[in-house]
């Protein structure tokens, strides 16, 4: 475990030993616990009189964001998203115990927003524990936008490919992409959607540890989360639309392939019948030595093939 | 930036320097800010004591319409739609700070409704700041109707094409049109649907800066927005219906192409077998010099071909 | 314009000049305005102190039914449906200003329910203005049932056709019918669904111009509208079900056509190979003068064709 | 009409002339009206001071279950389901006027639950009019379960058929069954779903004619109706799932038929080409009298046919 | 029946004869009834003054979880899931009568969570009857997670198979798996979803038999049930996505099979025509003894076959 206690003193934010936590009440402080073990959590829980259910949830790494209101604090589970390499989404579930003056964050991995907020806290740019909590949630939620925008671009590219596709080759290539995009949207939505409720709890002020001004800031983060879920829902509809377009295009192409097959088979079949006719052994009746018949048969074959080709092209089958 | 302050004085609406804003309280005025930079926004914010969150939202150009109630004013984000050339929808997101007496509009581009309302304001036809706000929202929303009507006409055309199509050529042409129409409907819906909530906030009167009469006018705009979203939802269902009809038509046509192929192949195959039979070298058994056999074979070929053609036509395969 | 003022006097309902409207307060009266122009509407509006928004909505012929509660009256927009000839649905949007004693109807075209209610009003069978309003809405809504029942019958016919269809010919014919039925259902639903809210407003009694007894009658009309929308929703599900059945039937038939093609092609191909084999010029090796070989080849062809035919029929491909 | 008045006297339940109804107030009684005509209904309505709207609804046989609260009684429309022969669902819509002491049932046909409850009432096993009402609704709702269970079994059978189907024959047979099952579910749901609201009205106690204990019993019937609608919704999802499985299976089989066609056509075509090659008249170049060539050609044909067959089988096309 | 009464005495939990139940009021106790018959239930019901409706529900083994609030106790129906062997889900519906001090469980079969909670109760690790109730529900709900996780893994495997599938063989194999997975999800959801309401009733505290601390624990179980239903809903969407991918892949493969067929048929047909041409008996015109013609015909056949093969490969059909 790494436990760091960052206290906002009059002379700036200082890092102090975690054990000082009990002396600090009334001074805004941030206790950041990275991968604490069971004993360490138990110590903190005793120190801050945390409810056993909240401590258990913080340890268990639930995958569903939620906010529980306790007597003097909120217990919040939230999720950060990070794209370390293209196509792989990393999810970091973290927990927050949010008191009036102390914010305790519990996490296993790390995510960019946390480091950024830490810098702002150390620089003294965040006025209170409430604004620290807002900064953590707001910066984490802001991290969703580039990811969702990226999904939007992938959808646009796939749409362009499918609607402008002539050869049909792209259809095969983009199929897997489409379904992977849809799956990613489903997974992100599952993580983001319940966060609307988390921020509603905070902006309603179920626990009286933050004032109306801070609640307004939580309301603003709520608006951002709603915007993200809106974007995701619209993207899901767009992707469904593209999938339908893809299926319709595939059906249409099948139709066209079958028309080509029918036209080609008909033309070639007719040619075969002519040559096959003159392969018959009716030497007594078919004047095989007549130039008229010979050239006539060739002419008939060519003319009927051309006529059929023209007929099928007019019908749009070739 | 262009900042224009249009004050409704007893002798008519006059344009005055923006700096006069602080002297005007109590007199209805419209401050229109086109593409303000950060410093200019900061000045206005200080003058009108705007909340930093609202100022940030006005600058950030959020894409989701919303209305936030502050102490003495509303902060509104709204979207205008314009079709500059056929098929290209331009979206203009703008913000409004709505006080009892002062309306501040912040935007980057321009849209027809704004110019129209400015004319009415200058002509003194709008009685108060509240009616100016109503005029801005109402005229902007009225601008949606021709766009949605146009989508309705595109849907009607596509429906007629698909249901009356005989040759199947139109199916290919209209496929992309259908999916583009559906995508446009999705995008417009995403912009318009949240505006219902904006107008509910205004007509509920969360901030006490407008009277019941003005709230009734906001309620009327709300009805219009509901009508637009209703139209869009019905259109989406209609387009889905057309897409389904298209797919069913494509499947049906494939069936028919395959029936033609089967019928043609069967007929021509039978003819080949006859000619091929008499191409065998069984000169001792097949009386190649018999006129009966020769003409019989030709007659059999013709009769069986005709019989098969009639059979398949009765079955509806040809 | 035709304006008729039908006043319920003690000696029966009399038609009086519209100008008498101002003298009549307290006496139940119905003012029916057919296609009024702007000036006429303005006169009525002044006489009855109508709100400008309501007057504007009455003139504009909005396509979405609604009920607005004003100080002493309701403004109602409602829609009547009429089937003048089979397959063509005519929609008549009309407006009502409903006071305690005066009902003003504004419309452009006419619809059967209006004439019927006028007769009942003239005959003195409607006790009050409230019961006149109820009769207008109730009779109009009752006019929906035959239309929806007719849709139900169309759906039943199409279902029977598709589920009992053997030849597949009906599939093509009924395709367009199905999608037109679905489109009609969408359009009717769009007009009828918002009327539930209209009747909820009336039965809630937002304006105190009708008593609890009359509100109970509005509640009854509400139940009818709910029944119509329920029917439409069930019909939409039924039609979707039929469309799916249609598509499944088309897919199944395609499967069967392809099985026939495969079976026929295989059988005829095998016959061709035999005749083609004996068309080879290997006179030294193929005993073309052997009766065994000749009849054997014919027997082989017939037997293999029959065997294949039996094989494919057992497999269910023929 | 058959009108029977069953009064629960101290010495047991006795049938008395309907005309005695007016003398009975305070004694629990059940007045059962089978197919009453207009005059008879009018008499009852006058006797019990029924509201004209309720009387009209009872006569009109509305198809939507509902419960209206009047001053001293409920007016209830409810639906019974009966399966007289397999596959045919009979619907019996009946009405109830429910007073504190008198229950009036109005119906045209009969249904098993009514007879069963009559027996229990006659045997004195139902303590009050409220418990009689509960028994009528509860027994009627219990009659839904065997019907829904039967649908569940039909769904299970169809699922088993489709998922285990090898030959594809079952697909055709079960198609119509699936869509008929889905239609039946839609129709039952339309009748049952509104009954949830009926029982909510009763268990809420909108009219003060039944005590909390009887309301608890209505709540229990409500739970049963919710269970039925839950079952139906789950069944609808299951059937949709089976329909999708069916369509996917059909597509898969089509793929396989086409692979067989392609494989068979290729093999037979190659054989034709060989025989056709040696049917050419190039006697000067093709050594038709060479045993090597003859047997070689036959060997080549056989080997290439076998090689192609193996190739296609490895690919999974044969 | 096995009835066991486990009483939490000061000296630990002791098993006492069920008949002692009446003497125990005030001491936390758990009465566990396995498969009680009608008489036994009647005895318990009399002893604890249970409501007849609750007793009937406990006996009838309803399949829908619910919680009814009675005067001094809750009646709860809940479902446990167990996977005894892979692919077979066993459902155990059990009932609980939950008093302040006594918990009565009624069940027919057994499930792991019950045994585990019994051990904890015997060990004295559960402080009160309320915590015993929480442990029963919590442990039962925790038993859902491995089952749902297992479904998630099945979905992941199927997704990987379908998106990486090259040969198309996997499509057939995974089809049934997909639909069975979807069916299982439907069935589990039907059992789990109503449990959200059960836990809402408990955490709301409709009956005043448990304190706020215990209600918080019920709230925690509620969160778990919400998480399970969320997982199931996301899984259902994922599976639908995979099914769509499957169908699209099948359509794409059909397209490709048909392209191969068309290409192969065209090439082989052209070859047939050449050989068939030189099988004609026009010995006077076709110089069958010309080496140029012979080798030319062979060259033409080979070249045109290769050219067509290249053409089709460039088109992506081969």
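By letter and in written order, the chains are A, B, C, D and E; residue numbering begins at 1 in each of them.
Basically, contacts are C-beta pairs under 8 Å (C-beta built on N, C-alpha and C of every residue); 3 or more make two chains touch, one makes a residue touch a chain.
Keep in mind it's a predicted model, so treat the numbers as computed, not measured.
J.: Between chain C and chain E, how many degrees of rotation does a Cα superposition need? Round to steps of 5.
T.: To map chain C onto chain E, rotate by about 145 degrees.
J.: Using CA atom averages as chain centres, what separation in Å is found between chain A and chain D?
T.: 39
J.: Please compute the C-alpha centroid of chain B, do the same for chain C, then give the distance between them in whole Å.
T.: 24
J.: Can you tell me which residues of chain E touch two or more of the remaining chains?
T.: Within chain E, residues 247, 251, 254, 258, 261, 265, 269, 272, 276, 279-281, 283 contact more than one other chain.
J.: Could you classify the connectivity of these chains, where an edge means two chains touch, as line, ring, star, complete or other?
T.: ring
J.: Could you read off the chains around the ring in order, chain A leading and chain E following?
T.: In ring order, starting at chain A and going to chain E first, we get A, E, D, C, B.
J.: Spell out the residues on chain A that touch chain E in their complex, using ranges where they run on.
T.: That would be residues 51, 53, 57, 62-64, 66, 68, 167-169, 171-172, 175-176, 179-180, 182-183, 186-187, 190, 194, 243, 246-247, 250-251, 253-254, 257-258, 260-261, 264-265, 268-269, 271-272, 275-276, 278-281, 283, 286, 288-289, 291, 293-295, 297 of chain A.
J.: Using the touch definition up top, name the residues of chain C that touch chain D in the complex.
T.: 159, 163, 216-217, 219-220, 223, 226-227, 230, 234, 237-238, 241-242, 244-245, 247-249, 251-252, 254-255, 258-259, 261-262, 265-266, 269-270, 272-273, 276-277, 279-285, 315-316
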